[in-house]
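By letter and in written order, the chains are A, B, C, D, E and F; residue numbering begins at 1 in each of them.
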Amino acid sequence: MDQILSLATTNLLSPIILCFVLGVLAALARSDLSFPEAVAKGMSIYLLFAIGFKGGVSVADHGIDLTLGLSLLAGIVLSALLPFIAFFLLQTMTGLSRLDAAAVAAHYGSISIVTFVAATSVLEGSGIAAEGYMVAVAAAMEAPAILSALWLISRGAGDGDDRRMDSTLMREIMLNGSIVLLVGAFMIGGITGAEGLAKIDSFIVSPFQGVLCLFLLDMGLVAGRGLREEGAVLRPGPLAFGVLMPLVGSAFGLGAGLLLGLSTGGVALFMVLSASASYIAVPAAMRVALPEANPSIYLTLSLGVTFPFNLTLGIPLYVAIASALTGG
Amino acid sequence: MQTHKAKRVEITIEAVMQSRLTEALKKAEVSGYTVLPVLGGSGRSGEWSRSGQVSRAQGMVQVVCIIRPERLDDLLESAFEVVERYIGMVCVTDCDVLRAERF
Amino acid sequence: MQTHKAKRVEITIEAVMQSRLTEALKKAEVSGYTVLPVLGGSGRSGEWSRSGQVSRAQGMVQVVCIIRPERLDDLLESAFEVVERYIGMVCVTDCDVLRAERF
Amino acid sequence: MQTHKAKRVEITIEAVMQSRLTEALKKAEVSGYTVLPVLGGSGRSGEWSRSGQVSRAQGMVQVVCIIRPERLDDLLESAFEVVERYIGMVCVTDCDVLRAERF
Amino acid sequence: MDQILSLATTNLLSPIILCFVLGVLAALARSDLSFPEAVAKGMSIYLLFAIGFKGGVSVADHGIDLTLGLSLLAGIVLSALLPFIAFFLLQTMTGLSRLDAAAVAAHYGSISIVTFVAATSVLEGSGIAAEGYMVAVAAAMEAPAILSALWLISRGAGDGDDRRMDSTLMREIMLNGSIVLLVGAFMIGGITGAEGLAKIDSFIVSPFQGVLCLFLLDMGLVAGRGLREEGAVLRPGPLAFGVLMPLVGSAFGLGAGLLLGLSTGGVALFMVLSASASYIAVPAAMRVALPEANPSIYLTLSLGVTFPFNLTLGIPLYVAIASALTGG
Amino acid sequence: MDQILSLATTNLLSPIILCFVLGVLAALARSDLSFPEAVAKGMSIYLLFAIGFKGGVSVADHGIDLTLGLSLLAGIVLSALLPFIAFFLLQTMTGLSRLDAAAVAAHYGSISIVTFVAATSVLEGSGIAAEGYMVAVAAAMEAPAILSALWLISRGAGDGDDRRMDSTLMREIMLNGSIVLLVGAFMIGGITGAEGLAKIDSFIVSPFQGVLCLFLLDMGLVAGRGLREEGAVLRPGPLAFGVLMPLVGSAFGLGAGLLLGLSTGGVALFMVLSASASYIAVPAAMRVALPEANPSIYLTLSLGVTFPFNLTLGIPLYVAIASALTGG
């Protein structure tokens, strides 16, 4: 308990979280502070590239683990499974329509790479190592949830309306920029190894935390603006779901991590991935596949509730639990 | 100068649908189109602005297509199939163009 | 396809005035609007371009608003109050829209 | 409100030609113009998009110019000289403007 | 005198100033060199964040000075006062209309954060320390000048036309992006202190000078383009004002700094703030509040005359005077 | 031969090349991964500034060589001469029209600064020094090829149509952003020397390789997209030219470098410059001057064929040859 508290305090007072809070407050106060879209996209390219590359280098260093394949598999299964649990909770706890519930569920099966990045930097700060290939697990968990959600809907539809997933959309999801960049950088890191890292570490290692600060400032601005403008869509039911679901998800991640026998850091990251909700790949896929679902609901829940929850309280909690249960 | 009657069709649509729309336009055999960026907007589904985005999910673009008047109906039908279930807007204006042979 | 007569109002205005204009449009109860970025321009107050800016002070945007013809006057009056003392331009075109129920 | 008949000329042209076109417009004594960015497009010379560019060579812009009807021909002739050998499009629409004294 | 000369030479031959000069020359030669708007904005976000954060860390290190509050107050008073002096000089020296004179005056009461940043880097280069909270003083000096200028105009108008400052504009000015970012980063730096800085210093400390170089290159391009296109509006009167006013302003800053008993660096920065003229926050506010004032005049004066003057000659002069008078 | 192979392997497995390959593959697979235009332009500004500055510092360090002027001259002559050779080869090997052939020829006389940058980083990696002023030679070689190509066309036209090069275009070419930035940074580096570099080296030296990685990722995306969409224009003739011409060009560069008595690195860079083809300055000039020439042909050849060839195989080959022949 003490450890949780101390981790939570350290986390809450880190520049990264304070930057996020600054962004939320500035948006709520209606400041015109904003990042140009191109800069935000540039920073996210940087973060994805850096985190992927470092993951690959770490795999090159430690060799390919037997559990790598199993972890990928576990990630895919979790991503496909969690939407069903989320959907069930949503139907129980909230008055959302089937369509909106399915759309929200897709988000919670998938992952938030920024939450993942923030968690790795908390782990690093606490000197806890993690399997480098967790980055690949993150990539593997992006898409399956979308298929589960669409299946949930097509099952409910009953008619010929289940062709909402066409091959174009499938390709767009599997080859979306974030996945390609993350996996590509992971493979480049794996190929070039420590030698490659040495060449570019003053670009992808040293300034990383600082870029993450600015990126989270921007995320705070976006989340805050969302809350200000769309917060009203959140009645108590969905709100409670937005906090409960990451806890439920993390429990599944914990189970998977322990079963696989991952390190403390690996277990914590599995919890974080399962607990986090997508706000990039899945919303775009939902707009194409389920345009009638209300984006305000899923964006506000994922970005305005679950993301801040994980960032501030969730991550230290997951790390503490993982440490306790792995004896790390 | 010699000009020719044509129609200017302006379709405001979500960025995620852009490639589907332009595919449909090509199937309707338009001779070309131009895509303009959109900074923000407001409609029945609320207000949005480009700087308030982590993803393309809410961003929009404007696709402008100049065609011969007699091809308007084909185009509208093809476009409508794409636009139908999505948010967005289709607006047609009469116009005159130079170099009609291009359309 | 079935289309409906409407008016397309295009207002080019300084970026610093954007939120004031869209507030006014909302008060005039328009159903929506679209904001386009402007790269540069020239007028009585000289020439400017977006890359020649340290601030938003000289940047402009274009706000496009499609409305039913009978609402045009209300809109123009509301818009004019905002535009009046500022540089900028208001240009109205006849157009046809699909899905008139949206306007 | 009192409006005045005018013409809205929309010229889509390669970015490398922008300054040459606006020079020509100034020589045709237009009172102003507005430049809009273009994200991408397609035409006889193929498809392009802004993110697929290392250089300005294939990028385009849209220059919009509102003028009094009686000045249209002058403008079109000046513009055409610039546009003639290049890819691009000229499209003219009837419009109504507020504050006609500005044009 | 020797010191001034040597400081001025070092300053003039620093990469920062040479980059600015390159920008001005490129623009005058009509090169198409330009920075994308998003990149320019990204760099300014970086600079504001870095300078604010470092200021906060320095306050956290040295503890909150008794003079902090007084310095803030002095900054506010100076910012509110200088427009009156500027207005008087403008009416005496130039033929500008009351409206244009008031608009210009607002700019000279407010501050240029880039001039401030350039001055801190000259101080660092000379090993002169300054109070970290001068960053907060800079933020406090942004807005009051605008109110003074609007008061000058409304007094002259005599009729009901004095409602040019509404609550929306007030909020826009007080919560404009630069102020929020600067103050927010300052507070984050203050909370996280040296420990927080350690996490991100390879992002906000090491590359700082380099980013400043590129930023000043862009500022040079913008200033040069302004001079080329609008330079004609500058008749000798306004031009002389653009060089005289910073000297007058710096004298007031000097007085304030000495009265407050600041360090050499603090006095120099107070001079720089008072001498500098805004070209971001104030022009935007003027467009809304005084649209009839001619932007060419105030932008060309502030960005084309006073900014280069301060950057090249002003800063070394102020530093030398501050050193001489504080025995620093 | 062994050295070539080992250099080629090291080169092919460097993060830089792998990033380029990732970009090409992502584009061919139709991923939506893309860099915002502003970010791409921002990175290219950074690279040009850094490479120019470092070149200038190196000249300041080693003093102005007697051969500097001769190298510049040689560069200009080569740039003006190579289009004739290219034009001849194109007329022999391909069925391109005179117009298209001239337009392509202009590209091969001019240079690709990114190829140059990649070569410098290979040289650095191998510990081979080069003359700092090669950066200035690169700048000098940008434009002359354009004039040669236009002369080729106007000679063929026979009528009054030779006024395709007007003074505006001339100014645009000579003062295009890349040249001004490269030469300007070179001069600033030359003036401020090692002292100036010390101030900003953690900005322009340490992160350089990393930025180059991301930049080449973007180049790969653009080249791949070009190949996917326009690759069809490449019949065997032009394709063969795209690989042969860099070899021919490099032979001329080799001759020039050896005649001038440059160092191993200098000779290698001269070969690289002569072998590389422009895809920024020249295409823009061709659109203005020869709008009837088909851009798909020259862009696809230069960016889709010659650039990847030089990047992967050409550079190690040129370096190996230069090493062998200078005994470096």
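By our rule, a contact is a pair of C-beta atoms (placed from the backbone, for glycine too) under 8 Å apart; a residue touches a chain by one contact, two chains touch by 3 or more.
Please read all numbers here as calculations on a predicted model, not as lab measurements.
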item: Smallest count of steps, each to a touching chain, taking chain A to chain D; value: 2
item: Shared interface partners, meaning chains that touch chain B and chain C; value: D
item: Of A-E and D-F, whichever chain pair has more C-beta contact pairs; value: A-E
item: Euclidean distance of C-alpha centroids - chain B vs chain D, Å; value: 18
item: For chain B paired with chain F, centre-to-centre distance based on mean C-alpha positions, whole Å; value: 39
item: Multi-chain contact sites of chain F, meaning residues that touch two or more partners; value: 34-39, 42, 202, 206-207
item: Residues of chain B whose C-beta touches two or more other chains; value: 36-37, 93-94
item: Graph class of chain-chain contacts, one of line, ring, star, complete, other; value: other
item: Chain pairs that touch, as defined at the top of this document; value: A-B, A-E, A-F, B-C, B-D, C-D, C-E, D-F, E-F
item: Contact set on chain F toward chain D in their complex; value: 34-37, 40, 168, 219, 221-222, 225-226, 229-230, 279-281, 283-284, 286-288, 291-292, 295-296, 299, 303
item: Complex interface listing, chain F residues touching chain A; value: 13-15, 18-19, 22, 25-26, 29-39, 42, 125, 202, 206-211, 213-214, 217
item: Footprint of chain C on chain D - complex, ascending; value: 1, 3, 6, 8, 22, 26, 31-37, 61, 66, 93-99, 102
item: Residues of chain D defined as touching chain B within the complex; value: 12, 36-44, 49, 60, 62, 73, 76-77, 80, 83, 89-94
item: Footprint of chain A on chain B - complex, ascending; value: 14, 16-17, 19-20, 45-47, 50-58, 85-87
